[in-house]
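After this come two complexes, each holding chain A, first together with chain B and then together with chain C.
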Partner chain A sequence: MADIAAPSSIAGTGDSRSSLHKLMQRKSTVAFLMALPLILLITILVAYPAGYAVYLATLNKGMTRFVGFGNFTFLFGRDTFWLVVYQSCLFAITAVIFKALIGFVVAHFVHNIPSKGQRKWRGMLLVPWVIPPAMSTLAWLWLFDPSYSAINYLLQPLGIDRIPWTGEAGWARFSVILVNVWIGSPFFMIMYLAALKSVPEQLYEAAAIDGATWWQRIWYVTLPMMRNIIAITALFSLIVTFANFDIVRVLTAGGPLNSTHIFGTWAFRVGIEGGDIPLGASVSLFMVPILAVAAAFILRDITKRGSEV
Partner chain B sequence: MASRKVTRRRFVAGTAALSTAMVAAPFVRGAYAAGKLSLGLWDHWVPGANKASEALIKEWAEKEKVDVTIDYITSQGNKLLLTTAAESQAKSGHDVLSFSTWLPSRYADQLVSMNDVMEPLIKQNGAVNATVEYLGKVDGKWLAVPATIGSQIKGPCSRIDLMKQYAGIDVQAMYPAGAPPKADAWTFDAFLKAAEACQKGGHAFGIGLGTTSDSVDTAGAIFHGFGAQLVNAKGDITVKSDNVRKALDYYKRLMAFLPEDAPAWDDASNNKWLVSGKGALIMNPPSAWAVAKRDAPKVAEQLWTHGFPAGPAGRYAPFLPFFWGTWTFSKNQSAAKSLLVFLSQASSAEKLVAASGGYDLPSFANFTTFKTWAEEVPPKGTLFHYPNPYNHQVLSIAAAPAPHKIAEQIYTQAIMTQMAVRHAKGEAMDKTLDWAGKEIEGFSRN
Partner chain C sequence: MAQVTLRKIIKKYDEVLAVRGIDLDIVDKEFIVLVGPSGCGKSTTLRMIAGLEEISGGDIAIGGHVVNDVPPKDRDIAMVFQNYALYPHMNVYENMSFGLKLKKTPKDEIDRRVKQAAQILDITELLDRKPKQLSGGQRQRVAMGRAIVRDPKVFLFDEPLSNLDAKLRVQMRTEIKKVHQKVRTTTVYVTHDQVEAMTLADRVVVMNAGLIEQVGTPNDLYHSPITKFVAGFIGSPAMNFIPCQLEQAAGALNIRLSDKLSFPVPADRTARYTSQVGKANLVLGLRPEHIAETRPHTEPNQHDFDMMIDVVEPMGMETLVYFTLAGAEICGRVNPNAGAVAMQSMKLRADLSNMHLIDDGTGKVL
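Coming up: the complex of A and B.
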């Protein structure tokens, strides 16, 4: 888009008035002014808290003196911290992979439903995503209840022994990932469905004429056309999943034996519940470099492909 | 006539001096407090209990000509905790705020001294227990006033019938209504045997091993019963002691008779366990009993709240006090103190106890024999021993007597229950102790 001064119908009397007028006529200025409310909102609600978190992370436990990177070096020596790093990565990566796979498969199913009934299916499949996660996780909590699990009740007649959904480290990790996948898959599904709809039908026709199999059509037509969407969706979901709080907080509160804590929940435990706000801020900030590296790689790949096209 | 001109500078200096004097003015009992006062009180879960506190505060406000606003803040979802943290950071908020167990010491530097309130109250109402003093008084300064609302003992609440049937223990005879306890035989060994018998009878004791307060409180009392301290009062880590080993060994044996999923329990799990009729005993204030009265009356008729079993080092029960405190940035400290004195009178405390159905516990020694606890039914006398009327047990808090900043972390990170679960699930004792030692070492940083 060319950012040029639009011709002015009214000539300014003075130089300054004229230049102000010209400035106001610029498309970039108008765009900036229109975006200003959002910029202010982001500054107040995102930039300021983020900056304040950085400031807090440089203070000692009593918040009375500057300790630089002291909190971070302290964290590096804690076993529980590395357990949280491991669990956060396990939680986010596993959940994103499964959400992407399920979203991809379901998007294909929905894409192949005749357009008359498709809207109904799309609506129903989006339900897990549109319910506030704290609420739906509460329902899952009851399904997984240690003593009165409805799922265990249903499994019992099949001869399956009671499963400690939130009582054993392995099962508890499985449970929090399962709920995250359940909530997040519809987002992938709808993004992939939009991407699928934008793939030109002619490419499939050409592939069919060339004798491409079902798998070859997916591999050589669908996937390359969806690459950017897949990458962006994965990145977005990775960030959101890494920063998750509500699912783990409601379902396991980080237990048993800290085996499901992720950055957000552990930061809350240490900072708010434990009263060590600087350390809590440091824990929550630790995910920034991890996500920045992931974002840099994914976005670089997208830019590269964009310039190739 | 001589007139004195008030310059802008003189006016600013004068009002600043007046404001400082008013904020820092010592509390004078009997003086009209006047002005405005905002209160942030814990939102009671017992229906109607807030109305009792509201009526009392209104009565005081009318007498003192104070314009009062009350916010009842729930502890659900840590709302009260977050409000406290936010007010501390913003240095602005309520004039009187409810502080849960560890918060007075956490915000010690930001709280007004209550020595001028507490010293006369103790003279008038009797001493407070050592746990209240440990939590509410630091370096000779009372940081807050123990609140009747929300304070609780988390002792055993047993099923009369099941304990008789499976363990051969008559809890009513052991803790008779209206009479001192006859509980010399109620020891950790007897408790373990009863846990085994009830578990075999299909009604296991419902003791959680999670990271929430109920689980931690029980662990704290059992550790105290063995004289097991993770950190002593000086701040030395004493994890690798014989008493800690004994406590862990006991927990390992006890865990064999608890529900398998106890490590995943939260503070609602034990209540559900008892109210559903599954459990023979839980460690809780009478909230589970109150729910049973409403939802399972047959179960409620069989419930008896009583004392903790005694360990080799004594009989300890978990006590969780709430406090009322005033920030240093509060604008009406004089009125705040006047209100806290009023709420700490016997007549106020009795009304609050009655409105909560006996759940709330005043911390003063002379306030343990209100008629509510003797009269609540069913069955008659079920709450008589709840407020520890004969000082039969030492009221304690997990992680004491460690320095507060360490103790709070031990408590909130549930180090004791985590140790118990680790060891009971097969981890070698020394490995568990090493893990705990390393964790606690991290809590000691400044």
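Coming up: the complex of A and C.
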């Protein structure tokens, strides 16, 4: 009885201090405090700039007057804007599909390498992903050089004429996608490899006894078991690819004639280089609704199936 | 007809011999259990029959055809795995019908066979569920259903009950036996649990260190083991092994266990054991049930002796008593009402009519 009576007498002397003490003991408080550094970081680096971009997007070019949706209606009327929308989707979707395909195939090869040599191969295959993209894109820029580059030099003996890798709309789009695939595939490879390793070996044995061929094993066992990883990786990569800046900026700077501009690079061109910061902010904001829809679809599918597997 | 024949089967992993040349003839419709401690090669043998492991030497024949290089799907076998290996993204019906679907069996035929198997296993109401929504015992049934549906020549079970709790294990054991009585298919069953082996098998194959120690019916193995390993492995609590010597005194053959304790050899065994007189490394094998409390009436070959009891373990229907004799810990099974008390002397009775004399050097039962 004595030790129950004691705290109440202390509480009487210092009410505010004991309630603070109680607050500190609550689990939710501790959890909040532990998450606080991250919350601050996100507020400063994500929430504030995003809010500021929304604010900027409502101003006129001189940033002196509130224009509401004026910047957006202006954008809708411009052909270049719709070209950028088309190119961004083309760039992101094509690149993600190829990254996923190549990643899947390579992951299978690496998975089948005996574990002794596997580390070496994994390390080497990760190199494109580890090099800073601006640096490796610079190397690709030299490889693509129409007059002196290695690629055209190698193609010449095959009777193929010099290809204007970055100088002609179709080839330029091909080139930026190629470089993006080259840089991004290792990420898919490593994610799929992890997923492959987590598929129990006995499922394959059961499938082998059930009479599944190699292809049927992939179709009926591997792919269904990897579906969630495939979806999450694709979503993540879609966001990053959609918001890409460095590869396009270094390789083509959006050219020739805006034919490789995507949201990020065009926002930079309009906002920073063109001096119309509110319009640039409006362009960059267009990524949000498009990606939100994609994310909602894919994540809904995952939560739906997450409870089954 | 689906007899399974193994001839000089060898399995080598790098330089390690996991299976060292075994011969086994499994008769059509027989239930064979491979039993042994972990690492004895029993699972490897099963997986070689399934075709999941290549064989390094020898021949495997199923139904008279050598299947050494035949892939698993063409061997006409079905396997039940330890962790069931159900496809998590398919429901029970899809899991059971998957093999038939791959074989392009007509839909109504698949439906008929799945429903029939579901009925045998009493899982009809589970057909729409995903494996995650099932209990361990239900998953086990589904795994068996998947095997039954395919109507294979041979069933292979790889420790199918190890992941279940003790009570469910006993229940499923009976279930498996019932299923085998209904669906009489040649079955090879691997387990490390000798009770499972004894209760399920038509014949038990005891394996040790990559070799077959003994093949026989459960009763054969229990009453007439041919090696010390089998004698010790089969039966729980295990057989007692007591170091002993054989001595000839006044025309009679005696087993001497200690300075004070010796028993006469049963009359029907004297001729068999005479050559062992004076040899070292002899061990007396006596099952716990052959060491009991003393009774007023004495049968032939029963001998009373006094012992200081170390530990008493009441089991309900019987009480286990432990004592030390000739440096070995010995277990006896006495009546719960016999009044066994730890650290007190007790009058026990050894029944030598079921004794085994073992040469500890060769490990053979003499």
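Just so we're on the same page, the second predicted complex is superposed on the first by the 276 of 309 C-alpha atoms of A that agree within 3 Å, B and C clash if a C-alpha of one lies under 4 Å from a C-alpha of the other, contacts with A are read in each partner's own complex, and residues count from 1 in each chain.
The working rule: a residue touches a chain if its C-beta (ideal position, glycine included) is under 8 Å from a C-beta of that chain, and two chains touch if they have at least 3 such contacts.
Here the structure is a predicted model, which is why all the values come from computation and not from measurement.
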item: Chain B versus chain C as contact partner of A:161, first or second or both or neither; value: neither
item: A:257 touches, of chain B and chain C: first, second, both or neither?; value: first
item: Larger contact residue set on chain A - chain B or chain C; value: B
item: Partner chain in contact with A:276 - chain B first, chain C second, else both or neither; value: first
item: Where chain A meets both chain C and chain B, residue numbers; value: none
item: Residue numbers on chain A that touch chain B, as the complex places them; value: 60-62, 74, 77-80, 146-148, 162, 164-167, 172, 252-258, 269, 272-277
item: In the complex with chain A, residue positions of chain B that touch it; value: 78, 81-82, 85, 102, 106, 210-212, 259-266, 269, 272-273, 276, 278, 405, 408-409, 412-413, 418, 421-422, 435, 438-439, 442, 445-446
item: Complex contact set, residues of chain A against chain C; value: 200, 202-203, 205-212, 216, 220-221, 224-225, 227, 307-309
item: Parts of chain C lying in touch with chain A, wherever the complex brings them together; value: 50-52, 71-73, 77-79, 81-83, 85-89, 98-99, 102-103, 130, 132, 146, 150
